[in-house]
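Take a look at these structures.
Two complexes, one shared chain (chain A), two partners (chain B, chain C).
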Partner chain A sequence: MATPNTPNPNTPRAVEITVGYKALSPNQKDRLEKIEVNPAEGDAPPWDALTEYQTVGTDVDRTDGMQKATGRAKYAYDISFPDLQQAMILRAPIARGILKSLYLDEARAMPGISAVVALKKDGSKIRLVGDAVAAVSGKTLDMVRDAIEKIRADYEAEQHNVDYLMDEEAPMLDANGQLDEEWDEDSKVDKALADATHTHTGTYRTEVQTHSSLETHGNTCRWDGNNLEVWASTQATFGVQGELARGLGAHNVKVESVDVHAEFVGGGFGSKFSAGIEGLACALLAHAAKLPVKLMLDRHEEHTAAGNRPSALMQVRGGIDKNGKITAWDWRSFGGCGYNGRGGAVRYPNYYMGDAATRRKHKDIACDTDPARSMRAPGYPQGWFGAEMFLDELAAKASMDPLAFRLKNDSEAMRLDQWQFAADKFGWDKARAKKNDANARYVTGVGCASARWGQLGRHGGRRQSYGVTCRIHPDGMVEARNGSQDIGTGLKTVLQILTAEELGIPASRVRGVTGHTSDPLGPASGGSTTTPSIAPAVRHAAFLAKNKLIALVAAHLGVPEGDVTCANDKVGTKNAKLDFTEACKLVGQTPIEVHGERYPNYRDKPFHPGVCGAQFAEVRVDTWTGEVQVTRMFGIQDCGLVIAKKLAESQVIGAMIQGVSYAVHEQRIMDQRSGRMLNGDFLRYKITGSKDLPDIECHMHSVANGHNNTGAAGLGEPPSTATAAAIGNAVFHAIGAPVRHIPITPEKVLAAIASK
Partner chain B sequence: MLRLPPFTYHTPKNAVDAVRIAKEYGREAMYVAGGTDLYPNMKRRHQTPAQVISLRDVPELHSMEVLEDGRLQIGAMVTLTTLEFYPHLKAHYAGFAHAVREISTPLLRNMGTIGGNLLLDTRCSYYDQSHEWRESIDFCMKSKADAICWVAPGSPRCWAVQSSDSVPIICAMEAEIELAGVDGMRTIKGDDLYQDDGIQYLTKKPEELLTKITLPAPGNWKASYLKLRRRDTYDFPVLGVGACLWFAADGTIEKANVRLGGAGSYAMPATKTEELLVGKKLTDELIAEAGAAAMKPARTMDNTDLDVYWRKKVAPIYVARALKACR
Partner chain C sequence: MSHPPDHGVSRRSFLKGSAVAGIATTGITAATKAAAGPPVPESFGPGEHEITLSVNGAKKRVKVETRTTLLDALRDRMDMTGAKKICDRGACGGCTVLVDGMPTNSCLTLAMDAVGTELRTIEGLSNGDNAHPLVKNFVTCDALQCGFCTPGMVMSSLACLEKRGKPTPEQMRQDLSGNLCRCGTYGRVMEAIDKTANGGGK
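Let's look at the complex of A and B:
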């Protein structure tokens, strides 16, 4: 029964906070403003730009770093049981056709085999080399291999195509790789182009990038009656739970009867949202075998049938007025997708276009290869490469410095500060002014590009909001738990740091636990939402636990609760204080346990609705051979509140490494005749290694957006948008001609030099 | 998952026994040194020896010795890491030491041996694939005599690529190779161990054991190696230039050997380049001219990394650089 005097929890209480950020350098200004926000009743009071932190934003080590470095961390790959069965998938050898018939009996009769399941019916379509046909489990992988070889599968092959540019839907390219088709009429854009002082057109291309997570896809499944326990290499524990429950509906399985664990995950980059055919196959095999089964993909399967960033073909034409303002922007793009013809959409940085007349068209083109899956900022690195290179070419036509051109057109105030700060740090003016000797064999160049992403986190799924459990144990240890996974981005450390900050104790006293669906709901790690979504619930949980501890201490000291604080590892009043661990002894046998809630973001307008960044790159080009070496990079990136500085830097540096690899090395090579990938391994699919990396530096820009009690924003994806574009622009600066197609391999560089 | 086929593992204690076992089993037997080439190949079913003869316990293959006449004799089982850090090598054979350092990665160099490196199988994009992969294209000539070559479909021969980093410089330096056979030992020149064929790339008999490599004594010569590849971190060469020049007291080149690895099925001599060099001094102009003459012999095919025409086009630049390093 509601008591009339309790305030209605839905009535907002306004609080004034300061948002924005302090000056990035002495020659910039503070960007601070006061806003009113309306936290939910019972939520922890908001942190803001003036909050002084003890642990947040410092160099706390990754909490599970030692476990990972010493091999004690148990990934899905490492899970083992007595009687554990190993499993493999039989994959189709043709790129397109029909499975005529499948004979499994001989495989079933092989020694050591515990289960065989068909993953396709007779008459099903085969859509790529590597399409899953059947799965086998057995005592050892050797036995499984033997059995797989006994499966007879007959196929009827059809004509295939593994190059989207060969599809009849694909546009025509001229001899220089430029899109060679008329533009449709558009009165506004056409007029803006006609009126422009300078105009320009260019065609840009990017190639497929595979996710290349160190741990491949796969899982271990164990049944107990109708209950299924799964150890998965996934970036969506709750997603896998729901998906398997749906997929196994015929076996009387409900969501509650599936438990998913993902304590350690060896990367996902967007490819591990689904349980996948390997997840379902593993569960089915374990069910049929009545034994636990492990099914992990091998590296070749991972490269050829576990998703990728699709390729893109983009053409831009645009114009500027006499002041260097963009007035026309006409964009058409094509996504080079897999068999389902989806996922190839690209985006471009629209904050440069202001009032310009713009048009945007996109078309996905299918071919008989592995379909696209979201990959670290899906569609952004492709589009940014095209758009940011186009900007440099356009600036060159107007004889403008590319940075000055950006400062003129970039509409995001925060990034204007970042451009200037990063340009100073990088030494842009001097590097840009440096002239290469006309006859020099080695030339250098510098380029820049912007980064952008919009994620301030969500409060929950469709039915339930996210939450965090916080426990204070009598021995002084504190535990913070959420059921989402830490795919390497550092969720465990985030749980640890925020809880320590709220309780005023050292981070070493807190354990962050993630990756069990028995813990409170959390999001899939996609769209850079995990930290911004979970952080406020971590704080709320710690806040509630703190209040319970304060109540115990107040009673113990015989003082009012309002006088007791929990800070500097002490709980008590000014005059009477207990060490935190002493205070915890008052807890008794049963730990304090509270549930922290993720309330929706404040309805008020945040300081900034997403995150911004900027990157600079320097390259050295051998003009005789065309070889490119990226020598130096600097990046600045905001992510709302910087919670764990080291981990945040590691996200940005990691994104830049992946971007260098994307820009100069990685290339999937498909063989048109066989429909197969020619380089489906880590020797021939070239990921940049340590010796090929530039010096990379980054600066984390902490911004108070004032959107919830913590103010964290997404970070995994934004820094990956800029890198390839910055490198492309640096090469353009170095050799004086654009290489509009990544990877920037030496023969393309020589061709560009020859075309000058 | 790729797995090893079953085999019997032999561990002879001396070279004579090793050769005897090899002869006894004939085509069924293969030697294994570090196994960094053989085992992956076996997993892909390129070679499926039922008898694998380990050379680990053959002491004479592990020695390294400076002979009285100053030559350096290296046992076939000496690991690449040992060589890399051997001070005498760094001091007197800088070019060769550099080539060794350019091979694969520190981990693989800990296992891989110089003997294994000299006998490394030739490579090709269509060949270095799993059995299942190759089966689906019905194999190619290198694994099945009546199959086609996927790189050059009309070709009567295989063009798989010589990919060892030590071979071009060993051949250029005229190092000697010692082989133990059933009839005893013989010593041949590096060049004579190889032939221009992607399949039968070695001239030695299968049971012949490579025991030692002998490098010439330091003297009036200088050798160098230059490697081209996509990543510096690790990659097989797509071009590997080994050069060795002998100089008269006044700096005139008396003899020149230039070998191109990664550009054909053996380390091919750049004959025209060599001819241009002899009798002259190593000026910048000569280097450029001699380098340019190396474009023609480079026989690149589209069966390894990077653009096929580009690889041919830059051969002169790499040859010139290798020559410069001989100064």
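Let's look at the complex of A and C:
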């Protein structure tokens, strides 16, 4: 028992750390400050802005890069077994109605068919073209396709609508595509607008974008008694585990345990949180067939029935005072959703509005299509496009430079530094001042937009905190394991780098392992939470393992543990050191194994509650054809501590390329008559390719936030918020008229030029 | 763009042949006999036939149906899962293999069509930790994220290098234009090609 004189070991002790960042360029200042934080007892001591790193922030190669580049990496789609059965889903051809009857016997009797399961009962509702009706497994996909053709399904079709703007709840648009409805009264906003020096109103639209992960959704399932093993293309291993156990129980299939593997995942971008009907179907087929089954969606199914970023219609009116400060901001938006009428909410950058009178209204509208799923910063790229483009139009009314206008209104100090740094790198002043020849066929323009996201990681799920297993093997190899998935973001490399840093060894000695639910709990890869959630547990695990190794070495050398350190691949004191691999031999036959825990973030206010970024784009527009080519981009992005620099850059550049795609290429095209998607393939659903690629540069801005022992923040989504908006503004600059509707296709550009 | 040389059964001649059933097999057999390479079955009906493919310098026997694509044969029947079926329409390049040196969409090629050709796949570019410099440069340039398009990207990049030696950025864009990447790796793929062309990764 603790006596009154002994400090309670559970009382956290305050530690002073330095947070912030060093000057981005010589003409800026260091933004460093000291704060007090209270780490949990036993946690690794916090790293901060003054920490000198050996491996963190360097260009370590992606740890699973060789497996991927040699084709050896096994994705769910690549898993194979003797007797593996291939499977497909029969999908409804009507957008709305009832499944009247389903006849499966003929399909069952086809050659090579191992199982057929109904996924809907007679009388079930059909909600979209592509609703899953039944599934078939067999020896080859060709045989399965033959059998699917033998299924008879009768439907009773009902009137459908696949265009949310045709819904009776949708607002009216005028001939110019501007929202044409009165605003409700609001005394504060109305007064601010009346008092404003300049006001402006604009309607902005975005279209449905499909995630287009290159590996489609799907799984390979194998039963052993009542135990199910699943190789899933997922961004939520633990989510799939729970969902399948529940789903199979609901189908009266006895399941004692589900093990999920997702060692390699071919992209997700927010669409792969659920096992989905394809996951359940695969498990049911494998159960019925008593053989392993693989069920991967084909590309058309992926486009039509595996989620999307919903479309948005936004109208903004706003005003500024004579100094260029925003004084009024009135926003109303509509989300064009799938049949469940959810997921269309949009956000806008609210750090520009200061004390302005603001109002925000939103409404989701349903139509008979595939429901929305979260997609890389859900709601952000839509809202940022509307808001940031509105800012440029407002600035133009006041004859202000868009960057100067942002510098005046942006309330986030960190981004003010970023704006200036990035504008210099991009050459904004010169590019913005460049005048296009009035008669030139090709015109150029530049634009900018901000990026924002707020994710500093979570400590765990509802019942359990996240964790990491660290093992130091007697041969000198170190393992760091977590059950979450690396969907291409680099989580394995993050495990590797942080462990190497803590142990003072080269990264090549560490193996980062992810994607098995037998390993400690981790989050779904959504909301840019994976790295910020897991990183502190990686460090804690490595810290605990290090202390165990230090104890062994201290005993071996006959020195106090406090004198022993791990650094430069050696363990020991100033005078007596062992090579790390020599030290590991002291471990004996069984490796050191420890469990690192993810403690909650320090309660103290961090340096910054989220992450900031800024992007600049240059476009070239062919005024004869209306074609837009994005020629150059520069982005600066913070993500707290930059752990794997090369990988972080890849992710930012990749988000910008996806943004180019969103701004000028991508659009789901629905046929109102049949209710079908007309371009559900990669021939007609255009995504950015090598010839559309701008010259892209990015700068990773490492910031010590002081929110936990590592200080990593989310990175996947933030850079995707800004790109389409920056490109929209660049097109506005180039042609002198705004195209307020993405994708910015040639016909919209020509119409905008004609409207001048 | 030129097309790979025709080897025996083309998709078109096969379709034409199957329309008139037995009689047409004579025509197909004649065509295959005219092509250089190992003997192929005398006739094609429903069900599987054994063919021999030359993959990465090794002769491999595999049973395929007449409709089996080269991609399905490699992946499902020869356990070579590097090439990916991403679009199944020749639109994404994820299934790219080299057929007599030409980058080819294996999802649009019948396995039987590949009889008598020299096939090169991603699996042929490494042996344990010993890999082609291009493969190493993909890793050091971080020319991959999720990695799913990567085998196809590597094969198209290899064809680009073999054809052009030191390709310009414009030539690289041209030669990669059949390959889609959703993560956005194009720029770094071009860096990897450039680094390889300049002797890096050896």
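FYI, the second predicted complex is superposed on the first by the 740 of 756 C-alpha atoms of A that agree within 3 Å, B and C clash if a C-alpha of one lies under 4 Å from a C-alpha of the other, contacts with A are read in each partner's own complex, and residues count from 1 in each chain.
Here is the rule we go by: contacts are C-beta pairs under 8 Å (C-beta built on N, C-alpha and C of every residue); 3 or more make two chains touch, one makes a residue touch a chain.
Predicted, not measured: the structure shown is a model, and the values here were computed from it.
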Touching partner for A:A69 - first (chain B), second (chain C), both, neither: second
Chain B versus chain C as contact partner of A:M375, first or second or both or neither: neither
Partner chain in contact with A:T625 - chain B first, chain C second, else both or neither: first
Partner chain in contact with A:P746 - chain B first, chain C second, else both or neither: first
Contacts of A:A704 with chain B and chain C, given as first, second, both or neither: neither
Touched partner set for A:S80, first chain B, second chain C, both or neither: second
Touched partner set for A:V240, first chain B, second chain C, both or neither: neither
Which of chain B and chain C A:L647 touches, first, second, both or neither: second
Partner chain(s) touched by A:T489 [first = chain B, second = chain C, both, neither]: second
Chain B versus chain C, judged by how many residues of chain A each one touches: C
Overlap of chain C and chain B interfaces on chain A (superposed complexes): 141-142, 298, 683, 688-691
Residues of chain A touching chain C in the complex: 61-62, 64-75, 77-78, 80, 86, 140-142, 212-216, 264-267, 269, 298-299, 487-490, 646-647, 649-651, 653-658, 681-683, 687-691, 693, 696
Touching residues (chain side chain A, partner chain B) in the complex: 88, 93-94, 129, 141-142, 144-145, 298, 300, 624-626, 665, 669, 671, 673-674, 676, 678-679, 683-684, 686, 688-692, 745-747, 750
Residue numbers on chain B that touch chain A, as the complex places them: 1-3, 125-126, 128, 130, 132-133, 135-137, 150, 230-236, 305-307, 309-310, 313-314, 317-318
Contact footprint of chain A on chain C as seen in their complex: 65, 67-68, 72, 75-76, 79-89, 91-92, 94, 121-123, 125-126, 129, 131, 135-136, 138-140, 142-151, 154, 172-174, 176-177, 179-190
